[in-house]
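Structures follow.
Both of the next two complexes hold chain A, though its partner changes from chain B to chain C.
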Partner chain A sequence: MQDRLVLLGLGLASLVLAMLSLSVGSGGSLVVLWQSSELVKDLVVDVRLPRILGCLSAGALLGLGGLIAQALFRNPLADPYLLGTASGASLAVTLVYAAGLGALALPSVAQLGTVLAAFCGAWLALGLSLLLVRDRRHGDPDQHVTLLLAGIIVALVLGASSDLLTHLRPELLRYRLAFTLGQTSLLGWDAVWQMSGGFALLLMLSSSRADVLDALTLGHNTAASLGFNMAREQSRLVLLMAACTAIVVAHTGLIGFVGLLAPHMVRPFIKGMHRSLMLASALGGAFLLSLADLLARTLWMPREIPTGLLTAVIGGLFLLVLLKRRS
Partner chain B sequence: MRCRTMATLLCFALIASPLWAAASLLELTDDRGRRVQLDRSPQRIVSLLPSLTESVCALGACERLVGTDRFSDFPAQVRTLPKLGDLDDLQWERLKALRPDMVLASKSMRQIDRLESLGFKVLALDSQSHEDVKRSLRLLATMLGDRQSGDRLWQQIDREISTAKLALPGMLKHSIVYVELGPSMHAAGPGSFLGETLQSLGLRNVVPQSMGPFPQLSTEWLIGAQPRWVILQADPSKQYNKRPGWQGLLAIQQGRLCEFPSNDFDVLVRPGPRLGEAAHLLVQCLTRVMQRAS
Partner chain C sequence: MINISDTRSSTDQMADQHISPSAPSLSDATTDKPTRGQACALLLRVEDLVLARGAAPLRRAFSFECHAGWIAVIGGNGVGKSTLMLSLAGLLRQASGRVFVASSRVEFSAMQALTERSEKQRAQLIAWMGQSESISGRWLVAHVLALGRLPWSDQRDLRLDAKAAPWIEALGLETMWWRSVDQLSGGERQRVLIGRALAVDAPVVLLDEPSLHLDPRYQLRLSDWLGRSASRKQLVLTATHDLNWALSADAVLLLSNHRAPLLASPGDEVLHRAIESEMGDAIEIRKIQHDADMHWYALTKRTVIRK
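Coming up: the complex of A and B.
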């Protein structure tokens, strides 16, 4: 019962925040929604509304991915970018920009666009990580640690490749930086449909795996003794987590801390198991990212700060609070 | 009977043909290869690159600009226009509120996709070489309704560069020059527009063609190459003197250094209609320093 209240509360908070964001513009204008001027309608419908809805869906995906990551790796500091997906997406985007600007000039590659590139790059990096752990014993209770290490290796290597590319072609630096900082300013309606559709699908699929996540909190061996096929479940969870990340990263770049924080934010208030936690974490993530986006648009009006910068600041502050509470 | 139907159809087609012709009065192909169709010459232009702002004004259409990026500051009248940030952090809402019918930008993908999905017409233009500038001027002139003015402007720039070349003292011809574009020793290579200007003036570039248009050099390499002249942006704190090994450059020891204050340096690094002025600035500085040294 309390869980339902918490979920409702989170939902309402996100809605109120969304309404507030809709009425505040980065041009320094407080727009009253029922003004019927043509320009206001255009502004709100074309620019602001998809951006806010995009933030809600992206935040929800990150919150969901973060929860799965933390349960999968049994680590409270896990975030959904852990298996090299971030570096893979970053490298792919840098390559596409390299192909589009200057010497390489392969038009077909450039036309592919950075959205598709980031999506594919994330999956390829995940594939690499999985490839590295492929020949491990299936019953290995520490397989998640091996997977984590493989992810770190892939992230380092792909990151170094991106660094090398930007060193050889310094004009790519600002594009790579923009991607790494993460930005919500480019979210249009196509991004909204893709992310919200993706979220609905992934939430459904993840809810069916909620039992496994519950069991994993008791440890690998206990979970195995409960009858789960740990190898298969782990692969499923990894794929779910990667899917959440890939969709978001394709549209917003690398927005950090939302996936890390959202589960921690909601865990003290949710008494139930992962089934409720999933939705709560998603709503928490949606709220966090929308808040960061609102601040990013309004703090230094009329300039906009990359949203990823703000999530890092908010994230740092939240972690400080959590740390204080633990001690 | 069939003949009559054919004739009627032909008549209709002929009557309708002016409609087809008038459907898109202007068709422009930008540097992405994308075709942009316009019903009429744009009257509300937003430029997101300083060189494109300068080009539009040089072609006599300054009053059609309604907004620029953060760095556009020439000519003076564009300073009062709304500044919309730059491609990395564009103020989307202000841009939308300005209702432009044309946006000029450099070839950066994601932002241009978003601009087009918001319904703006975008021309993405390269600015890496003299050829790029010539082509941009021609395209912008066509867009503004007078194709010849682009070619005329380019011929004027060409003349200015030639005049500058003639003004270069004989002693300085074929000198090896190092032009530094950024604080981390990024040089202007022969493939860049600045490198091409140097070549037009009869000066040699310390950087070989193989190193690309904007290579990052090391002090070690530079000392090995020993350029005769060093050209860079003036820094009141003279940070470059603190670089290890920098004093090993003969050009520095013997005072063959050209420092440009930021206003003038902007002229050097913008691939736009002031290319001719940039050539003159280079020649003037080199001549002045040479006369002071002798």
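Coming up: the complex of A and C.
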């Protein structure tokens, strides 16, 4: 009962925030725009609306991925960018620009190319991490620790490769910076459909694994003793987590802290276990990213700050407050 | 082969366990057919189990069979008590051997070993609680207990009803229901974890060091509960270092690095000598009469000397 109220509250808060976000911006407030129907069409429908909806879906995906990561690795500091997905995406995007695709005449083609590349990069990095632990015995309770380490190694190696590439071709720095800082300003309707569709699918799949995450709170062995094939469940959860990240990273670049923070933000209010937490964490992520986006657009109007920078600042402060309150 | 048969009459619950045959050690082979315990409700049969953690096996393969009741598994550090628990629960892939759970001896002939069954079926037959388990997160006690219902995925909710599940009362959980596990003391958390394993309602329950962190009152309550396992047609194996607590069990399984495993009644003289030598003669087992019942106590030698 209480959980439903919290979920409803979170949903409403995100909605209110979205409405507010829709009505302010460097092009003028909604009241001013409403006088010219063309401006409403151009600015609100084609620019602001997809951006806001995109932020909501991206935030929801990051929140969901963060919750899965924290439950799977039994670590409150786990983050959906673990296992090298972010570095893989980053390297792929750098490669795309290095190949000269970024200078293509048609920006929409170039954008699609980067999205695809980021997506593939994230998955390849994940594959590499999984390959490193593949030879380990199945059912090894320490397997997830090894996987975590493999992810860190993959992230380091891929990150260094991107750095090397940038060092050789300094003109790539600009693109890479935009990617690393995380942008929500380029989100269009394509991105909205892909991310919201992806979110609906992944939420459904994750909900069916909520029992596994619940069981994992008592450790790997207990979860196995409760009738789960943990080797299989672990791979499924890793794939779900990586899918959440890959879709978002492909469209927005690296937006940190949302996945880490969203689960912590909602946990004190939710009584249930992972089934309710998944939805709550997703809504929390949607709220957080929308808030960051609104601030990114309006704080220095008409200039924009990369959203990833703001999430890092807000997220860092928020985490500090949480830590303080806990101790 | 040793088998513990549950031939106790309902009137003398605590006294006098019948162990048969009288051979004191588990045989390494399973050639001779067990002769007694035919009408028992539950049977656990372990065939050619090799305890191994990592690559090296701890000892030769051994087999045993037991009926409903409470068996305390004892032995020094590193003899493989936890490994035995993990192997029986099917949580160690490198362990070899076959484990069967059946409701009667007849069933064995057409029986699949647990390793050949699905994870869900195995989980419904054997509940396992690890040693010093941790709970990550701040969940309510009710939620943690309900995790025990996961093998029966259709009934996740646990009724707050001490009559429906008597262990709730035995473990004193009825007042803790809506507390958060991160606010519990070590002993309280241990009771919740034991309750979680009992919530599975499996015929075989494996508890690794359940008496750890418990105050004497709850140790007694727990052993009272475990002592009634046979009447519930449940087999509970508990690994423990608390020898006095172990000696109140229906039977004791002594594991050792030097000799074959020994399964005997707690009153067995041979078992007493084996325990004493296994513990480097640091203890002495004494018989004490208490309310017309015999009890055996392991006294550390220091206590004995001072006396």
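Please note the rule applied: the second predicted complex is superposed on the first by the 305 of 327 C-alpha atoms of A that agree within 3 Å, B and C clash if a C-alpha of one lies under 4 Å from a C-alpha of the other, contacts with A are read in each partner's own complex, and residues count from 1 in each chain.
Here is the rule we go by: a contact is a pair of C-beta atoms (placed from the backbone, for glycine too) under 8 Å apart; a residue touches a chain by one contact, two chains touch by 3 or more.
Note that the coordinates shown come from a computational prediction; the quantities given were computed from them, not determined experimentally.
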Combined model on chain A: chain C and chain B, fit or clash: fit
First, second, both or neither for A:Gly316, with chain B first and chain C second: neither
Of chain B and chain C, the chain that contacts the larger number of chain A residues: B
A:Asn221 touches, of chain B and chain C: first, second, both or neither? second
Chain B versus chain C as contact partner of A:Arg74, first or second or both or neither: second
Partner chain(s) touched by A:Asp211 [first = chain B, second = chain C, both, neither]: second
Touched partner set for A:Lys271, first chain B, second chain C, both or neither: second
First, second, both or neither for A:Arg303, with chain B first and chain C second: first
First, second, both or neither for A:Gly197, with chain B first and chain C second: neither
First, second, both or neither for A:Asp46, with chain B first and chain C second: first
Touching partner for A:Asn229 - first (chain B), second (chain C), both, neither: second
Minimum distance between Cα atoms of chain B and chain C in the superposition (Å): 41
Chain C-contacting residues of chain A that also contact chain B: none
Chain B to chain A touching residues, read off their complex: 33, 85, 88-94, 96-97, 99, 107-111, 113-114, 117-119, 128, 186, 214, 216
In the complex with chain C, residue positions of chain A that touch it: 74, 76, 137-139, 211, 214-219, 221-222, 224-229, 267, 271-273
Residue numbers on chain C that touch chain A, as the complex places them: 86, 89, 91-94, 118-124, 126-130, 133-140, 143-144, 147-148, 150-151, 153, 193, 196, 200
List of chain A residues in touch with chain B within their complex: 25-27, 39, 42-43, 46-48, 96-97, 100-102, 107, 110, 113-115, 167, 170-171, 174-175, 178, 185-186, 188-190, 302-306
